[in-house]
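Quick heads-up: structures coming right below.
Both of the next two complexes hold subunit A, though its partner changes from subunit B to subunit C.
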Partner chain A sequence: MESLNQKQGLLQTGTNAYLIFKKDLLQEFKTRYALNAIFLFALVTLFAVSFAIGTFNASSDILSALLWIILFFASMSGLSHIFVREEEAHTADTLKLVAKPTEIFLGKLIFNIVLLFMVELLVVPLYVAIMNFTIYHILLLAAALLFGTFGLAGGGTIVAAIIAKSNARGALFTVLAFPILLPVLVTGISVTKNAATEKLFSNPVSELQSLFAFAIVIITAGILLFDFIWNE
Partner chain B sequence: MQLIAESITKYFNEHIIFKDIHFAAASGSCLAVLGPNGSGKTTLMRIVSKLLAPTAGTVTFNENGQVLTDTEIRYRIGFLGPYLELYQDLTATENLSFFAKIRGLTDYQPAMNRLLDQFGLKGREEDPVRAYSSGMKQRLKYVFALLHQPDVLFVDEPRSNLDAEGIARVYDLFSEFKKERLLILATNDSEDLQFADERIEIRVAG
Partner chain C sequence: MVNKLLKIGLFLILSLVIIGAFIYAPLAKGLGEFTRVLYFHVPMAWITVVAFFIGAVYSILYLKKKEHKYDLYAETANQLGFLFVVLATVTGSIWAKMSWGSFWNWDPRETSIFILMLVYAAYFALRSAVEQADRRASLAAVYDIIAFVTVPFFVFIVPRIYASLHPDPLINTQGKIHMSPKMQLVFFTSLFSYTMVFVWMLIMRIKMIKLKLKLKEMEQ
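And then the complex of A and B:
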């Protein structure tokens, strides 16, 4: 009986998280605030980098680092919007009234993950083409981007929830998120360097494992901590 | 259903809002929270409806001797106030459908249409909330608060932005609602007090 109730509870959490994600997606497609911010930031940075260093001069080390820096700062320009919008529009209490904190966190997390994937789908192929960046192990890069996105979105979502209640929202987000997300950035760059090398220079499995583990830890910590942040 | 608030105290940082507030109220009645601006009426309403945690004290909802959980309370209360907004970019239907589904309602369309009609919003339900006047937004908040047929209704500033016709509709609703359910009003308006069976007056702290 208890396990049946638990199953029903999990199903309800999943359904409500999906409803919150769907609502955010609908709002986003009506306003395109976060989408425009992230896309424009990523594109402007990409073209600025390509003009500054040229397309044939940079080594794979530099190109790998620049790719993740573009993705990181582009995500910083839009991920916080998911909670800031609720606070600024005074809808946070309305949402609090109808949904459990875990449902809200998961709904917002799914939205940020989807948003980042959409940006990566556009930016990564463009970056590879414009910067003449040769990737020898595409699957390895794809795995790094997949796990890295979960880590970036997980950390970004929980930091967004924290800063949404403060006055200096814009400035605080990147400052707080950077140290938390540094492991994703460093490991992502390292795996990408490896993917851009014809013969793998190190075993990428342990790096992918750390990216995956980081994503699991940050998302679990987010679920556990969100209740306190949201209800404060 | 019975609501019991014991020793409710709230501080914001070092600033005391109110201290040791006690009251109880049950279905079939109306409780009015009174007090000058800044006395903490809204804060008390938010605490009692579980939107805000008190610094000290407890709020419990009981039914047939059983204490309701936070999740059960969430399904059983309706709330509207000036600081609680609906999504401006979405239409009234999109807003109401989202909240109905998340509250687990399945066959909510007939009730939604009836309430939209009751509050004079029929025909404007596909407009984005952003395009509504402040009075229409207040009417829509009533529809939002009542759609899931709550057992307890919290209303902060009931007449806010409403015209005479809107106030009449709301007063009809209050008379009907308090017959079997619990109505809690936070107001400074003497006309609203005609519904109050009990009153709590908060004084400005300090």
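And then the complex of A and C:
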């Protein structure tokens, strides 16, 4: 009986998280604020880099570092919107009444993950094409982007929840998120370098494991700690 | 009285450690005089981890009990941790200059300690950005815990994946210590006495916080 209740509880959480995700998605497509912010930021930096370096001048080391720096700072420009919006529109209190904190966090996390995937889907092929970046192991790059996105979105979402409650929202987000998410950046760059070399120069499995483990740790910590921020 | 004796004892032990590190302890095989910085660098790094750990514990306590004092304890432990992380970086940098040739060359260990400093600098930035005391306390506590769960990635995982020139840290995979008995004596005395200095500092600051809170209470 108890396990049945637990199952139902989990199902309920999942459904509510999905509903919140759907609500955010609909709201996002009305204004496209976060998507525009991230995508345009990525595009502008991409073209600035391409313009400054030229097509054939950069080595794959520099190219893989630049790819992740573009993705990282682009995501920093938009991920915080998800919670800041609720505070600015004063809808946070209503949200508190209709859903549990875990559901809210999961819904917002899924939204941020989807948002990042959409941006990556546009920006990464564009980057590869424009910068003349030869990728030998596409699956490896895809795995790095997949796990990296989970980590970035997980850390970004919990830090967004923190800064939405503070006074200096814009400036603080990057300051707080950057050091926490640096393992993703460092490991992601390293895997991408590996993917851009014909012969793998180090074992990529341990790096992917570390990316995956980081995502799990940061998302778990986020779910556990979100209660305390949200009800503040 | 006991307190005074303890302080004098600590002073004597620390003096012995400094003398021992420079004169008594033999050099490790094939390494130069500069390796003596080991007796100061490793304790600083160790205390950093201890201090940040204590800070994280107080942060958890704050979230559980919502008592204002735990927030202040967490802040003070993290401040002390920051002091020691700077000391560990400086001693390590000197060591790097002597054995690797430059003060800073982005060895994985150097990168990870740099990120560690960034994380806790961000923690203090967050504290200064929130004005209401109880809100600041919970936000800072949450950030502190998130910061602390990512610390193992910097300290243990990232340096494992990338080839580092840094010798194995105290907590290594084989669980062995490669030191002669004389070196071990000085090393562990140093570790112990510096930890005691840290404990002393922490106790003093906690006492100060308690007095401040009492003063506030009396004023009201």
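Everything that follows uses one rule, which is that the second predicted complex is superposed on the first by the 232 of 232 C-alpha atoms of A that agree within 3 Å, B and C clash if a C-alpha of one lies under 4 Å from a C-alpha of the other, contacts with A are read in each partner's own complex, and residues count from 1 in each chain.
Everything below uses one rule, namely that a contact is a pair of C-beta atoms (placed from the backbone, for glycine too) under 8 Å apart; a residue touches a chain by one contact, two chains touch by 3 or more.
Being a predicted model, the structure only gives us computed values, none of them experimental.
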First, second, both or neither for A:Ile158, with subunit B first and subunit C second: second
Partner chain in contact with A:Thr31 - subunit B first, subunit C second, else both or neither: first
Partner contacting more residues of subunit A (subunit B vs subunit C): C
Touching partner for A:Asn167 - first (subunit B), second (subunit C), both, neither: second
Which superposed partner A:Phe178 touches (first subunit B, second subunit C, both, neither): second
Touched partner set for A:Lys100, first subunit B, second subunit C, both or neither: first
Which of subunit B and subunit C A:Phe51 touches, first, second, both or neither: neither
Contacts of A:Ala89 with subunit B and subunit C, given as first, second, both or neither: first
First, second, both or neither for A:Leu19, with subunit B first and subunit C second: first
Overlap of subunit C and subunit B interfaces on subunit A (superposed complexes): 232
Subunit C contact footprint on subunit A (complex, rising order): 155, 158-159, 162, 165-168, 172, 175-176, 178-180, 182-183, 186-187, 190, 206-207, 210, 213-214, 217-218, 221-222, 225, 228-229, 232
Contacting residues of subunit B [partner subunit A, same complex]: 46, 49, 51, 53, 71, 74, 77, 79, 83-90, 94, 98-99, 101-104, 128, 144
Subunit B partner contacts - residues on subunit A that touch it in the complex: 12, 16, 19-20, 23, 26-27, 30-31, 89-91, 93-94, 96-100, 103, 231-232
Touching residues (chain side subunit C, partner subunit A) in the complex: 63, 111, 115, 118-119, 121-122, 125-126, 129-131, 134-135, 138-139, 141-143, 145-147, 149-150, 153-154, 157-158, 161-162
